[in-house]
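Each of the next two complexes has chain A plus one more chain, namely chain B in the first and chain C in the second.
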Partner chain A sequence: MSDYNFAYLDEQTKRMIRRAILKGVAVPGYQVPFASREMPMPYGWGTGGVQVTAACLTPGDTLKVIDQGADDTTNAVSIRKFFQRTAGVAVTESTAAATIIQTRHRIPETPLTEGQILVYQVPIPEPLRFLEPRETETRRMHALEDYGLMHVKLYEDIARNGAIATSYAYPVKVEGRYVMDPSPIPKFDNPKLSGSRALQVFGAGREQRIYAVPPYTDVVSLDFEDHPFEASKAPHACDLCGDDASYLDEVITDDSGGRMFVCSDTDHCAGRQAAGHRGRLSPQEDAA
Partner chain B sequence: MTDTTLSPGAMAGGFADAPTQSAEGFRAILLALSRPGQIVSLTGAVPPAPMPVAAGVAALVLLDNTTPVHLAGALDCAAVRDWITFHTAAPLVCASEAVFAFGRWSDLAPVSRFAIGTPDYPDRAATLVVVTDRLDDAGATLRGPGIDGAARLSLPEIAAFRANRALFPLGFDTLLTCGDRLAGLPRSTRVEAA
Partner chain C sequence: MTGQPLLRVEGITRTYGGRIGCTDVSFDLWPGEVMGIVGESGSGKSTLLGCLAGHLPPDEGRVIFDTRAEGPRDVMRMSEPERRMLGRTDWAFVHQNPRDGLRMGVSAGGNVGERLMAVGARHYGRIRDEALDWLTRVEIAADRIDDRPRQFSGGMQQRLQIARNLVTGPRLVFMDEPTGGLDVSVQARLLDLLRGLVRSMGLSAVIVTHDLAVVRLLADRLMVMKGGRVVEQGLTDQVLDDPQHAYTQLLVSSVLQV
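What follows is the complex of A and B.
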């Protein structure tokens, strides 16, 4: 612990990131450029989220880190250990007990509360990037609020597939102004972006962008009147806790087509099982 | 000849534990700016008069040699200039070049002097740290991002903040300070007279 400055980064770097976060909060959905640092993990492993978390952490915080909803996967475990070691903060797997939650590709099922900060790891922050590769052009498109290309893309989805086929990183419009990439969260999570009680901050390390959605901010998923946005999920119940309203992962269990569906949010699923809920494949209380 | 002697006391009043106090100070400022109308307490720095404690903490948390600063009115005195220079190394500049500006609202006027960003880079806008005599949750009505319905905050003026909101996504951002208390008013907030 004493071998590192608090939360790893030097103070000058944290000041630079903090100023970027404040500008991001002031202009919801706008991507603020920042001088992203090399971190002791590769790009694509959450270096943007880690830098935002490092700039926000205080010694009194309780940190939760999730990867695709799970607290126990490699990325989540290593980032949690990183901050235990460099910041000495308390950690938790409980969504309700955390003050800062760093996430890769999910919003927890448990509703967030005022005072919490949700930090997203973002691979490609620019929602228009796959439609227009030039940064100069996408920047101008944001400046002019010229988002016709995004609607053409969604329309082509409908023309080819009969429905909007985008199922994750589904574009949203923040406070009626900036179109924003919510990071590759499933579109099931999109409704939770809007009016959240928690501050949401997005960090893209390789792409050197930070953006934010303050609490109680209007976030609308792009759609058409005759093809309204739909937050979809696998039409099953969790096989461990029986929840039919949570977002599910499909797990292949053998070579002959066997599969099961489990909650992607491990804290949510474990909490329900502890409360006595059982799914199709979990041992029943009386069987033990 | 430039007088290179620092004012007495310029070296005092900084953070005792910079990493921790900066982190806690930033979190309070972040809370204030993401929840307009919410008043937070900032302590830990002792800036020279007439700079309020909250403005001093904000300076230590946010300023460094990459952030040109404008000091307006009574704050543009040797004691404050030297304190800012010693603790943050921020260059002191005129209003139009400032990334941060400190002063009373009447001294910062006309606020149209400050950077509001460009359409391509709206983040390149100034942050005004305003010294006020009164800061409480009464007065103007605030609506917008970060506010659940409506909030109230005592503002030094209404018209300038309405004009600033009309520029959105351009515009300056404001931190209001009074003693050790601070409230945030980002450019995204819609202000109405009570």
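What follows is the complex of A and C.
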């Protein structure tokens, strides 16, 4: 028995957040303001995501938390523990077994299914923020669908780097209407946003915004006709499970240039290793 | 010169609380015509220009613009998206301070291309070609296309601002002291450029300035404002050579002769 209300937040707060989520689902890609609460963790650690998760959790849910694809990093472990303690829900590291997945900066490799909810932690929800500092003006630009500026950013990318160098937080247009910041996921994950079977909810705690992409919603990455969008990743295969189609982290292994590439999605990688896949640096099994 | 005036201004009044910004200003602007508005600081020139360009809502009066698609429309009663669309296709606004009209963190090419992208251009190569063409037209070297306006001189910034505004081929340009803050030789070059562009593109323009030399060179007609009111208007040469109103006489005689 915990001394906290189920999932930490009080019922009125959860109700308020659920209303924001419902509005977000009704207007895909629109940033709904909500009265973000002070959470027992610093801003930037996922206060928005935690509030959305708290509002979505039911006692029967199974929760998975990932940070940059990994289940075992500080952020993921603490948030998972937080909900174990305050909500007493079941937790898992398996993407397929989870009903709610809170994520920071990745979409799991395993395709999501109907009935799952993917909750994103968002630092800066406004895709136009670094182009137009005034909030009043960016809101008006969203209202009027005045998105020429977004392409100015991409133009600058090409002018300076010869290609669209934006590799994460790559702007998308949702259902032909709102331009949205998909949170800092790598652009490799952008195609997975579109037509997803799971509900995707984005929570920005400090900025007090919630937005959502309902299942089977069309999400298009912005680009130029002669510089089309490209979902890029490191041109390697995972050194542990040998997968050449998953998103990779580069790990420096010594100070003489040694490095390895591993799947950023630890659940995906572990699953493949369990199924017998091996990569370049997998421990050699002795048959002896 | 048949049919409609391009811009018809009727009884524009704008007050700031009890103070008059400008009051009861009316005029017609015909296609290809350049109208100069002169007056001392605080005479309501910029307020008037702001009202005309839709930046400030006037308290009274109408601004009727002869739109391409639908003929004369009251700009004040247009919806915001329509007005914004107008503001980046048929209209242009050149600010006194280039920092107000440019995006200082975006390269010259991006600045020129912004209007194109805002009206739906999505082909990088073509946007860039257009930007290059316009930089050449305003005498900015092509190899500066990826430099930011911060690295430009004041005169270049102002020319860049002009290129950025004219790239969509507007029919009406509002200019607020386009030569303010530039030294005389740079001013002369800029005026030369402006005059060339206005003539070759058949632009109509409303130019607000306190510099009589600017209107002498550019404007066909002249309006003199004082205390928010128009005190005299007529052909530029007529007003400057034979001023009738006491204030105009003072203004004309105040110009230093070198």
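Just so it is clear, the second predicted complex is superposed on the first by the 282 of 288 C-alpha atoms of A that agree within 3 Å, B and C clash if a C-alpha of one lies under 4 Å from a C-alpha of the other, contacts with A are read in each partner's own complex, and residues count from 1 in each chain.
What we mean here is this: a contact is a pair of C-beta atoms (placed from the backbone, for glycine too) under 8 Å apart; a residue touches a chain by one contact, two chains touch by 3 or more.
Note that the structure is predicted; figures quoted are calculated from it, not measured.
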item: Which of chain B and chain C A:56 touches, first, second, both or neither; value: first
item: Contacts of A:277 with chain B and chain C, given as first, second, both or neither; value: neither
item: Touching partner for A:6 - first (chain B), second (chain C), both, neither; value: first
item: Touched partner set for A:225, first chain B, second chain C, both or neither; value: second
item: Which superposed partner A:236 touches (first chain B, second chain C, both, neither); value: neither
item: Partner, of chain C and chain B, that touches more residues belonging to chain A; value: B
item: Which of chain B and chain C A:129 touches, first, second, both or neither; value: neither
item: Touching partner for A:22 - first (chain B), second (chain C), both, neither; value: first
item: Contacts of A:175 with chain B and chain C, given as first, second, both or neither; value: first
item: Residues on chain A lying within both footprints (that of chain B and that of chain C); value: 140, 144
item: Contacting residues of chain A [partner chain C, same complex]; value: 131, 140, 144-146, 148-149, 151-152, 155-156, 158-160, 223-227
item: Touching residues (chain side chain A, partner chain B) in the complex; value: 5-7, 11-12, 14-16, 18-28, 30, 32-33, 55-60, 114-115, 139-140, 142-144, 175, 177-178, 199, 212-218
item: List of chain C residues in touch with chain A within their complex; value: 80-81, 84, 88, 103, 106-107, 109-110, 113-115, 117-119, 122-125, 127-128, 145-146
item: Residue ranges of chain B touching chain A (in the complex, touch as defined); value: 18-20, 22-24, 26-27, 29-31, 33-35, 61-64, 66-67, 119-123, 125, 127, 144-148, 168-169, 173, 186-188
